[in-house]
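In the two complexes that follow, chain A is the common piece, with chain B as its partner first and chain C second.
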Partner chain A sequence: MAASSSGYSRMFCKLRKYANKSQSLYHIDTFNFVIRTIWISGSKTQLQPKVHAKSLPQMVGVVGLEIHAQIQSTSKLFSGSHVRFLAPPNSLVSHFDASLPGTLPVLNRRCVEAAVLTGLALNCTINKKSLFDRKHYFYADMPAGYQITQQRVPIAVDGILVYSHFEGRKRNQVVTKSVKIKQIQLEQDSGKSLHDDERSQTLIDLNRAGVGLMELVMEPEMCCGEEAAAAVRELQLILQALGTCQANMAEGQLRVDANVSVHRPGEPLGVRTEVKNINSVRHLAKAIDYEIQRQMEVLQSGGTVLNETRAFDSKSGNTIPMRDKEGLQDYRFMPEPNLPPLFVYESEASVPGGVDPAQAVVIDRLSTQLPELPSVKRTRLVETHGILQEHSFTLVSEDGLMDYFESVVQMTKAEPRKVIGWVIKELMGNLNSQSLKVSQSPISPCALAELINLVESGQISSSTAKQVFQEMWKAPEKKVGQIVKEQDLWMINDKEELQKICQRVVDSHPEEVQIIRRGNKKVLNKLMGEVQRETKGRTDPVKVRAILEKMVS
Partner chain B sequence: MFCKCAARVSRALRPAHPRCGVLTLPARSDTVSASGTSWSRWTYKRESSNSAWNSKVPQVPTWEPVAENQLPPPTRVSPDLVDKLERLALVDFGNKEGVDCLEKAIRFADQLHVVNTDGVEPMDSVLEDRDLFLRDDTITEGECAEELLHLAKHTVEEYFVAPPGKNNNNKNTITKKTSCSIRT
Partner chain C sequence: MSASSAAYRPAAAMLGLSIREVSQALRDGRVSATELCRKCINQIQRTRYLNAFITITEETAMEQAQKADSRLRTGKPLGPLDGIPFSVKDNFCTENIESTCASSMLKDFAYATLSFLRSGSTDGVFGPVRNPWSYTTQYREQSTEDPDSDWLISGGSSGGSGAAVASLSSFLALGSDTGGSTRNPGSLCGVVALKPTYGLLSRHGLIPLVNSMDVPGIMTRSVHDVATVLRILQGRDERDSTTVQAPSTPTSLPEHFDIRDICVGIPKEYHAPGLSEDTLAQWSRVATMFEQAGARVQEVSLPHTQHSIVCYHVLCCCEVASNMARFDGLEYGHRSTVDSSTDAMYATTRHEGFNNVVRGRILSGNYFLLKSNYERYFMKAQQMRRLITEDFTNVFRSGIDVLLTPTTLSDAVRYSDFIREDNRTRSAQEDIFTQPVNMAGLPAVTVPTALSRRGLPIGLQLIGQRLQDWKLLTVAHWMEQQVSFPMISFHSDADERELERSVRERTHTIGS
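What follows is the complex of A and B.
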């Protein structure tokens, strides 16, 4: 602003000189006004303040995700060893996993079915014939020197993941977006390596080597960390509903790498960097946003973005260059000679004669086994119970909350909208503050339904009910009626009693009554508050207000 | 049955004619097997037409060298490519002999260009007409940690030990390069 204002004053001085010569101050004033508006609008463009009169379109981020989901199966992809998270090192390793010479891969049917189910849930085209390839690179946690993957013809291609995220100041506007899934392929996992820098050695544990992974490659259609986080959350829900992957990022069952670049809309895509080492969905959003910011700053200061791999440091929230890729890695892909093509059949009828139908993977059979997907559940909740869309998201995201809600709704005559308020505010509020899961809630659906029924029938007021809820939380063994009786929280419904209390309050507050009579109706709320306080909240606010209004007028 | 016949053959083989070096089989009329296989019939027929021995193996080489003009231009392996290949395959062949050997091998393989492969799908597995066997999802292997660890020279508390990986700035510490033995 300083630069522009000094320029402006210089122009103004020149104009002044001209004006003094021509003696027409009127013209100067309008010219002055015009100049000022041009200068002000010019300084508003942050990117190119001085050079261009018209501002260039803002740079936007472009994010593509590569997700590795560990298939939930009993045994590994190509061998019969057990798949388990924690086990003594190298105890779940077979001869094939250790890449001993003479061992051959044997494909696990469960992994193929898991990949096909995931493909069907994400609206992919399942390739009836898919091929396996070898991807060669040397690293200690991969004893064979190559990874068996599907690069040429993967098992599923061209899918869509539909996800929603919240916008608006109150985060209650639901925006639905979709991202295309380029392909889903089956591949082997590598082992785990523990780096011991003191003794300059790496310890290798091959328990994880050979476990089946589904690699989901998404098109670079997202623009920021929030969208990516929402997409990954939706994918987690889908995979958990299908049972093909437990999708826990902290345990490494779902690994997400982000490819981030920036460009101006309409121009070709910029140089991308790959961000790794992301352990949770929140870290994903932070890492992507930081990387987009960093790249924009690099480009604005005239530098160029390097095509590199960066690791996310959760403590500082920054990305750090990991290792320089010595040129582009050449993986020397080669068809896997030990595995013939994988055939997946459309229906029982299309299985050829020589193949055992129990052995074959049949798409029709699997699509009948597809469970209800999260998006379908949400639509059903909104339509059946008439709740808000954002509430349906909370219900489906929390494990077991939907069932809890539906059982309460069944047992009470109250409107689902009221039940939702109880479930989301009171129940979830308490669960979250104590980091409990829905299954660990001390208040059962029956108890909550009883409480709500009491409110509905007018036996306790809603404010008392909240008190009772907290009491029930602390003492789950007591029944609702018991607590209400113990603390004498029944609603005062007797008209005479109410009249007496209101009269008492009105008599003890003469000044307020005068103010109300003179026209300030808001002070009535103060009187109502007094009544509530006296009765410990055991009154119906609507009735009290009516009585007070009659008394005061 | 086939194995038994083969065993008998290997016991008594002698070349019939020194020039063509083709091995004939001894007379077998006395050892005709019970089911009267075509094998014994074949040997009988062979003995009767000994003079007009119809061998499938050509008597003189029929192979002709491929003319240079039919081949694509010779491939030169640049020093950069040699470095890259050494790094990717961990093979030590950076000297002149190694590069010459590689270029000659490529030239030899170039002869395949003479074959017309229009409309022919490349074969990537001899198992292409077999069904891929799908295994049930049951635990059948594992729990052989001791056996596997015994195979390694250097282990630490049930872990295999490897030199520090690519995270260190030390290149080529993963495995040693194997040197390429050249037979000229």
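What follows is the complex of A and C.
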């Protein structure tokens, strides 16, 4: 069910692209992005059965995201309590976090800086003055009865996130898109409720209560799970590069809620549902595609979509209605009276007298701290190393892989194009099959460079090298040379020895020799294969071919 | 207490001294901190019928007094307040001492927040006494003596603090002032009560009523003493983001000060219905006094004054609804035994913990904050608040230095009269002169001026410009010297009950 829906919506997704062609192009042009393949798949949608499309245009999904990113900071947003994942319950709770009366919020500058950095990286306008509000609702893990957030004037607005995903039969066509970021607001995280069904009690852990969050609101400009997943993936990479959020969805550092609706292009947006409880990027795509499909089916069967909150069930791949605790909740927003407006300054010079510039949040200062962002990294990798664009994505997406690759390139004379194969195929293949991170690789960049250098200098053949690579993986303590020697894998460069081996092969294959002599040169490859087999790949094919050609002519 | 300045017993004499005097006596070794503390505790016991205190931290106080003594002996007191007993209104959180807000919601609530008293800025003063403020139900029990006799209300809501200072049980008391809660009892009890500029004193540890108006208030028996305490407590506290840097302040108020440089404004809108003849007479007398001494006195207008109370009620209800949301019984305080569901537990906990007045405010506040009502109520009230603030700004910009107004409509009312009105009407009447000042965040001080025909204190209020608390106190000091308010002193115990000026404290509301 889920799989088929995903297939459907991918098609819808393409359809919508078709409909919005001019608009998409406009965006892309504005930001000077590569658009070479954006259109290629559009025509394929013509293959779709046109049953529904007789009178009305096909329905499409509309997806907006609300993302809560936990700010990477040693202390909470408004208190000095530490922030740590998996600490003993209620061990990181200050009086303020427990909402004891008489306590007051004190804003953590690090959290503000994280939000500004994130805003800058997402091309937002940073509000020089932003405000805090109270959002009221009763919930056991929110001790004050309200959350301090930024409803009226958030710290950053009007940004844009550029992301890419792959299309085409080989999934190697890079499609670049963008989605508008409506706003980034600072707010408090809640605690956690742990329901003990057996004893029918709820236990509350306030360790997370008051941790700083950035809520990012993305406009409903995506059309399917795949797009949303690609956008979130790119956001994760940006946040990780900035160091403002660890962005691990499974650990809850990044929580993504999807607002999903369907409509026919040109018509007003449909009633939307909010899908929660999504804990990985893969589930995000699944949940959205399921929900789009579900809504289409509801509408096509004459029903109406309810404005409700639904939870994704990862086992069934379905979304199910949540007990609607927030039904028609009125949050009774009001300005937070204990926090003066939050001021951010353009430059050191604009910090007014009376404010310690060292304590102020200064945009210019933060801009200089911006690291190389993933998109820039990828462009640089393609330009400096001449590798394929799709490879640049893999290098940047895997934590530490780009550094690994670049160290290997530095230590070898081999072309980066050759190195990339080793890194993406051999290294990643092995890492993935054992679920290891790049940093856990038993083979260091240095060792891999040594291996590649042996191939480059003709001391071992490239097929042997792959064998050596696997040996190195199993015995990382051994030197490359030692393995090659132990296994007797050095290339046979001695002319006489090569002659002898070739002669033996020619002698034992009289029929093939006859065929070749009659003019079918292709059969020479068979003889070459025999030589390779006999020498366990320790020969240079060019040399072998030359010798064999001479012998059979 | 009496208006007599006749010779009094040595104990009372010592307790009747000003902070400046008693501080000197401590340094000179004429009295020890332990003796002083013992005297204060005895005085509290002697005046128990006033019902001014909720908790008396006798042991801690005596221990701290001993420490103060050893510092004083070695000539190294922590500051001018070292060794001087004080009282704190029970809505301040104090280290390891129960804070009840005189409310059943917070009964048995104690935690180790360092109140700003321990912030180091107060130089090791110590606290033998607490006093009350009714947050929810009328938790404090009435005096059992003469249950039929009528008695006087000391004003609120820092009435306990006022009574503690007036009864010579302590040299200074901290109150809180959201709409007049420090100045009102200050005026009725015949003590000096300062509501500082908003943000000048930290609210860290003060259990909030209306965050945007609350300020800790200072009550003493002289303007000079208020200034001493203000100088120690004022200034930026990083734990309260709304605090501001204090302007530089000289060590004491100027002794010689030319009142002719001062322009006193008399706001015409403060001629309110219900203003007693006595109070009006004092207001005129003091205005004339300023004029005759060469100050410029002129009538001014604060046209939006009439809207202040209703506007205050909207803002107050909204903040109360919000601030009280935390009392859900989960983390601390009262929790209902009903546990059929979390919602049921919330509902019964809150129903049991809050009295009618608070429930009414919570319901109204939540109503005002509803999305569909926000603009009509909260927003309008905020706009009106700005207009009220601008009224003051315009007056001060026109060259006025201080405003002279009554503090309360009349002297202290009797309990029998007091209970005739409902809470909202009462606070509307009581706060009329004090409340606009909180809207604007300005400093104001009430100075005891004279005794009414009934022999009860009448105070007048001076309002100053933002962060000009020192200048305000300078003018108040001058006024204090001119009005010759009778010194508070004590007759023998036997006389006490007959004294007309004995003010009895009664907590009444969460309030002003």
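Simple rule for what comes next: the second predicted complex is superposed on the first by the 466 of 553 C-alpha atoms of A that agree within 3 Å, B and C clash if a C-alpha of one lies under 4 Å from a C-alpha of the other, contacts with A are read in each partner's own complex, and residues count from 1 in each chain.
Following the convention adopted for this analysis, a residue touches a chain if its C-beta (ideal position, glycine included) is under 8 Å from a C-beta of that chain, and two chains touch if they have at least 3 such contacts.
Just so we're clear, the structure is a prediction, and the values are computed from it rather than from any experiment.
Colleague: Looking at the overlay, what does A:A98 touch: chain B (first), chain C (second), both, or neither?
Modeller: It touches chain B and chain C both.
Colleague: Quick one: is A:Q185 in contact with chain B, with chain C, with both, or with neither? Answer first, second, both or neither.
Modeller: Neither partner.
Colleague: Pick one for A:G354: touches chain B only (first), chain C only (second), both, or neither.
Modeller: both
Colleague: Looking at chain A, does chain C or chain B touch more of its residues?
Modeller: Touching more residues of chain A than the other partner does is B.
Colleague: Between chain B (first) and chain C (second), which, if any, makes contact with A:N90: first, second, both or neither?
Modeller: After superposing on A, A:N90 lies in contact with chain B but is clear of chain C.
Colleague: Taking the superposition as given, does A:D205 touch the first partner, chain B, the second, chain C, both, or neither?
Modeller: After superposing on A, A:D205 lies in contact with chain B but is clear of chain C.
Colleague: Please indicate which partner A:R110 is in contact with in the superposed arrangement: first for chain B, second for chain C, both, or neither.
Modeller: Once the two structures are laid over each other on A, A:R110 reaches chain B alone.
Colleague: Based on the superposed arrangement, let me know which partner A:D197 touches: chain B (first), chain C (second), both, or neither?
Modeller: first
Colleague: In the superposed arrangement, which partner chain does A:A144 touch: chain B (first), chain C (second), both, or neither?
Modeller: Touch partner of A:A144: chain C, not chain B.
Colleague: Identify the partner contact of A:T539: answer first if only chain B is touched, second if only chain C is, both if each is, neither if none is.
Modeller: Neither partner.
Colleague: What residues on chain A does chain C touch that chain B touches too?
Modeller: 95, 98, 100, 106-107, 136, 138, 140, 202, 204, 330, 332, 337-340, 354
Colleague: Write out the stretch or stretches of chain A touching chain C in their complex.
Modeller: Chain A residues touching chain C: 95, 98-107, 134, 136, 138, 140, 143-146, 202, 204, 330-334, 337-340, 354.
Colleague: Show which residues of chain A lie in contact with chain B when the two form their complex.
Modeller: 73-75, 79-82, 88-96, 98, 100, 106-112, 131, 136, 138-140, 193-195, 197, 200-206, 323, 326-327, 330, 332, 335-343, 354-355, 359-361
Colleague: Under the definition above, what is the set of chain B residues touching chain A in their complex?
Modeller: Residues 84, 87-88, 90, 124-145, 148-149, 151, 156-168, 174-175 of chain B touch chain A in their complex.
Colleague: What residues of chain C sit close enough to touch chain A in their complex?
Modeller: Those in contact with chain A are residues 92-93, 99, 106, 111, 113, 115, 203-208, 210-212, 238-242, 245, 318-319, 321-326, 328, 330-332, 342-343, 346, 366, 369-371, 374, 378.
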